[in-house]
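All chains are identified by letter, namely A, B and C, in their written order; residue positions are counted from 1 within each chain.
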Amino acid sequence: MILPKFEYKKAENIAKAIAFYERYNGKVRYLAGGTDLIPLVKLRLSTPMAIIDLKGIEELKAISHQGGWLLIGANVTLFELKNNDTVREYFPALYESLDATSCETLQMRGTIGGNILQDTRCLLYNQSLEWRTARGFCFKMGGETCNVVPNARACFSNYCSDNALSLMALSASVKLAGPQGERKMRLEKIFSGDGRNPFTLMPGEVLTEILIPMKRSKGAYKKLRVRDSIDYPLLGVAVSIKGNTGKVCVGGIGPTPLVYNLKNINDSTFKDVAEKAYSDARPVSNTTLSPDYRKKMVSVLIQRASKKVLQEGK
Amino acid sequence: MKTMKVTFRVNDEKVTLQVRPYETLLETLRERLDLIGAKEACGMGACGACTVVVNGIPLRSCLVLTPEVDGASVTTVEGLRKDGKLHPLQEAFMEKGAVQCGFCTSGMILTAKALLDRNKRPTKKEITKTISSNICRCTGYKKIVEAVEEAAKKSV
Amino acid sequence: MENEFTTVGKRVVRSDSLAKVTGKACYTADIKLPGMLAAKVLRSPYPHAKILRIDLKRALKVPGVKAAISGFDTYGIKWGVFRYTKDHPMLPTDKVRYIGEDVAAVAAVDEETAQEALSYIRVDYEPLPAVFDPEEAMQEGVSQIHKEFTNNINIHVHIDVGKVDEAMNKAFLVREDTFKAAGEAYAMMEPYAVVASYKNGFLDLWMPNAGPHVRAKALSNLLKIPLNRVRIRHINSGGAFGGRSEVSPGDLIASFLSIKAGRPVKLVLSREENATSTRQVHDIIATVKTGMKKDGTIVAKDYRVVFDGGAYSSTGPIATSIPFYVYEECYRFPNVRYNGYRVFTNKGIRGMYGCHGRAFLAGNEAQMDFMANELGMDPMEIRLKNGLTSGEVTATKSKITSCGLKETIQKASERTGFKKKWAKTQRFKGIGMGCVAMMCGFPMGFRSGSSCYVKMNEDGQVTLVTGVVDNGQGNESLAIQVASEVLGVPMEDINLVNADTEVTNLDPGSYSQASTFVGANAVKVACENARRKIVAIAAEKLGVKEADIGLKDRIAYSKKTPDNKMRISWVVREAFFRGEPIVATGSFFPKIDFEREWVSRPWGQMAGTFSFGTSVAEVVIDRETGKVTIPHFTAAHDCGRPINPMAVEGQMEGSIEQAGVATIMEGNLWEGGFLLNPDLLEYKVPLACDMPDIETIIVSSRDPEGPFGAKEGGLTVRMNAHSAVACAVSNATGTVFRELPLTPDRVLDALERKKGVKR
């Protein structure tokens, strides 16, 4: 399948990347592993004038410990991150979500930054231009309807990153650098709540670093999918606890992950969260397997993940 | 649109080409270099039939822009045979009957090669996990796993 | 197992493997010819619409475009597999009947230019009401897709044997169930591609196909070019599974573009186009009513099966009948009625498939288990009781010769401990069995037979010329192996020229499971004819009787005194000297009833022989998620004799993926006329991690007619693996399944239904 025309530029550092962004008036896409971007461009869901390759920026590939944080450069591959000793020891939820992501070969190419910033997905969205032209353009494509839910006024596309869920459960933060400068915020804050433009990133911003507080945790990640490799999550649940507190994050069912904070964890905590999440979840028929089923599984997977976490260290 | 100059190594030979900026490595290998072993079976990264090894890492070449491999070292299935001698994986695939229609074969062999290069004696479970990156429609995978096990034995 | 042969029966490395592991094997999309153009097809965005106008003028003006066509540039001839199914013009001029249908095409200097040119083609449509559900499509007053076929009924196969109603009334136990299955995707790894090169009045073509001779004939008719000037050439094929048997609009398009442009044209389909616009597999709704005696004997079967055929006939009656036939060739039905309906809908065209009929086959098997259980019998007993044996005749009058069914049931049961596991019912664990038979060839008129030509060259090397086609299953290697055995030369001394319509002779193609029984048989006959000539000269020269001559490892020798020998190459040279080179032809025509017709006369000998098989699947169900895992799968297949056991195993193992694991995950998803998963991510082809531990058992019933006793290399597993899995899941859930694929949501529903039904 041939790509549409675009220029290719390689950025040596962040400032140069942003400069390219400005030179092309924002009609660019940043390229890391390309496993999310290139398919989108092939489908003509994204038609940038230029693609800016960030893989030459060395500082984005580093992993280090600093002042009570694990700092992960956005260009670190999922495979490398999975094999990092600190991740294995301190952040089991993240280890599990990395191992569950896609397949081994794609883990070696995909970056953690790219995985977090992947576009939301829908069976009727991720199709070729010809297919979508015949069907009609939906909200996410700039049209005026949802092709899945008649009369809907919002986009129900699904956010399918396995790792953002575990990172949020680990209270991770992210650093961004853009034309307006640098900023740091909690990972939850990158979600806009709008499936059409799922992220709050400002024009030209580059995700540069992920920061996880260096505290040992107990955690688990459970993924619902048909095949045991390659498939995106039809539902993802990350649970992570440190002592008496923790978080449960649920994704794959709508554009914004659900995040639940846990305090004073006791025997009924997870059952309560499972019930709440079940009632909060609003999956629609935009994936394989029925939305009713995926909703039911929210409760099942939370209970499974938490069971595993509570048994850890026993 | 202007083409770009890209220089990289393919199967140990240096090549310098003028390519489109929006050209994929798969297209370059197949159309400019006549290395037709890598196949386009889906073009979207879902199947692995286009897998080649770039700087030791097995990549889906349909998702790699050729300008990205400037300065890199690429290995295709055509580069496995050295001095007329087949790579143990190539021999094992033949001997174990792991090849039927052959369309997934070159991608499968390269994915397996990348595994053996970093893990000399993988378990059956590890092999199965690695090759679950590639789709095969014909074989049911059993003989492929056996071939990789066999090749690992022969390589040590 | 004793093996008196040199090559046959051995686990040989296939002749095509080396090219494939070194990346040298050439497939259609790999072909490069001087001056070759790239083609792209404009496809219908409507499921049903009148074509008012097609304007190619602007497209032709795009720089770099060398030709463009629409249906208005063709002869308007409609093609069909049968005289009564000639409904496909390849490029329509009246209306479009499915989203993705080929409407127009261009050929340009490169793919980009061709793609751009498509946007300059103007087509005016008038949308018509479309119909997507086959039951709805058959109702009165619904939009007619083809005016020649009333109520959108493409084919009605009616079979009526014995006295079904009477037998049902007398039966001790009667049960009726309706089963549904989503149509699958072939998902062969090679997307369809064609290269056409028209030069000096000759049209050369390359495309992955299952039968070049049939393809060439169709194109000759459609293009009005004499058959000898349409030459379909040998090319490697990346899997077919029944989906590459018929002439395709792409073939016509590439041909016409090449004729117009005066240059070779290559058309390569994307994965999406392969899914929407080549063949798909039928969705099926099967109502199965069975009557049994108290002792488990089946006395009557009454079937109503609806096949969702999509927009055109394709194989028509063949697809409408095959699931019934593979079943009636396996079991004894004294009274049976079959009403099979193939119905048009405004979706992609559905063809024959290696795993075709899962709703019908798995439904029959699962229902049988539950009826047996009511009668106090287990699945093994009920199948042994009703399974056919050698010498019996099927309901539609096919005689069974070699039959290893019983042995496959027994061996598969033994190996899996079936009886014990079945008796010990465990919640959420199940075991299931599926049996089926497979006709080795079926009536295709004069194309039911195969002819082979062989010559030996002065160095003792062989050139073997046969129409046998290989789509990846190993048929080329099979032909060489058979020749090697008969002629006494190693496989590497044999050059195969196959599937080239200019040179090779008629063969049924790798379609209808005939490649071993018919194709390789013809190879054997030809080589035996050549062998006789070698033996005659050798006997003379060595001074022994002809019966005493053996051929092995390039040597002709006296069996009594092996040192009395000579090189076969010497014999060949002597033959040349005598003006009678070692050259021979040979044919094989199976003994079938040529009066048999799918619709008008559905009885008589279907095939020269049948293969038989039994699969056993063990499943575990996750009670909270409904996810099914298949830890073990055992398949036993009676192939007569395995020519290459490794190749037979390979077929069986692949079938377990494509039919067995497919049962829990494969199915095309539709929204009206839109295929929602025309790709390899959302269409779930099983991966290595999804596969069970597999055990294959080869049973050799030594067919009297097959080459060295061989029949066919593993297809029963493609048609009983789904039954085994569905039966196992039904066993585990305690309720007969209703719909395939058995995805977790469906299985969870079944578990919950069962809970609700408990007293």
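Remarks
Just so it is clear, a residue touches a chain if its C-beta (ideal position, glycine included) is under 8 Å from a C-beta of that chain, and two chains touch if they have at least 3 such contacts.
Keep in mind it's a predicted model, so treat the numbers as computed, not measured.
Simply put, of A-C and B-C, more C-beta pairs touch at B-C. Compared with chain C, the chain whose C-alpha mean position is the greatest distance off is A.
Put simply, the C-alpha centre of chain B and that of chain C have 30 angstrom between them. The centroid of the Cα atoms in chain A and the matching centroid in chain C are 42 Å apart. Across the assembly, chain B contributes 40, 43-44, 46, 129, 132 as residues in contact with two or more other chains. Those residues of chain A in touch with two or more other chains are numbered 1-2, 103, 228-230.
Counting partners per residue, chain C has 270-271, 681, 687-690 as the residues that reach two or more other chains.
Those residues of chain C that touch chain A in the shared complex are 43, 45-46, 99, 111-112, 115, 270-272, 624-626, 665, 669, 671, 674, 676-678, 681-682, 684, 686-690, 743-745, 748.
The part of chain B that touches chain A in the complex is made up of residues 1, 4, 20-24, 27, 40, 43-46, 48, 51, 57-60, 62-65, 67-68, 111, 114, 129-130, 132-134. Only residues 1-8, 10, 31, 34-35, 38-39, 42-43, 51, 53, 55, 103-106, 108-109, 228-230 of chain A touch chain B when the two sit together in their complex.
Those residues of chain B that touch chain C in the shared complex are 30, 34-44, 46-47, 49, 76-78, 80-81, 86, 89-90, 93-97, 99-106, 109, 128-129, 131-132, 135-145. Looking at the complex, you find that chain A touches chain C at residues 1-2, 103, 123-124, 127-128, 130-131, 133-135, 224, 226-232, 288-290, 292-293, 296-297, 300, 304.
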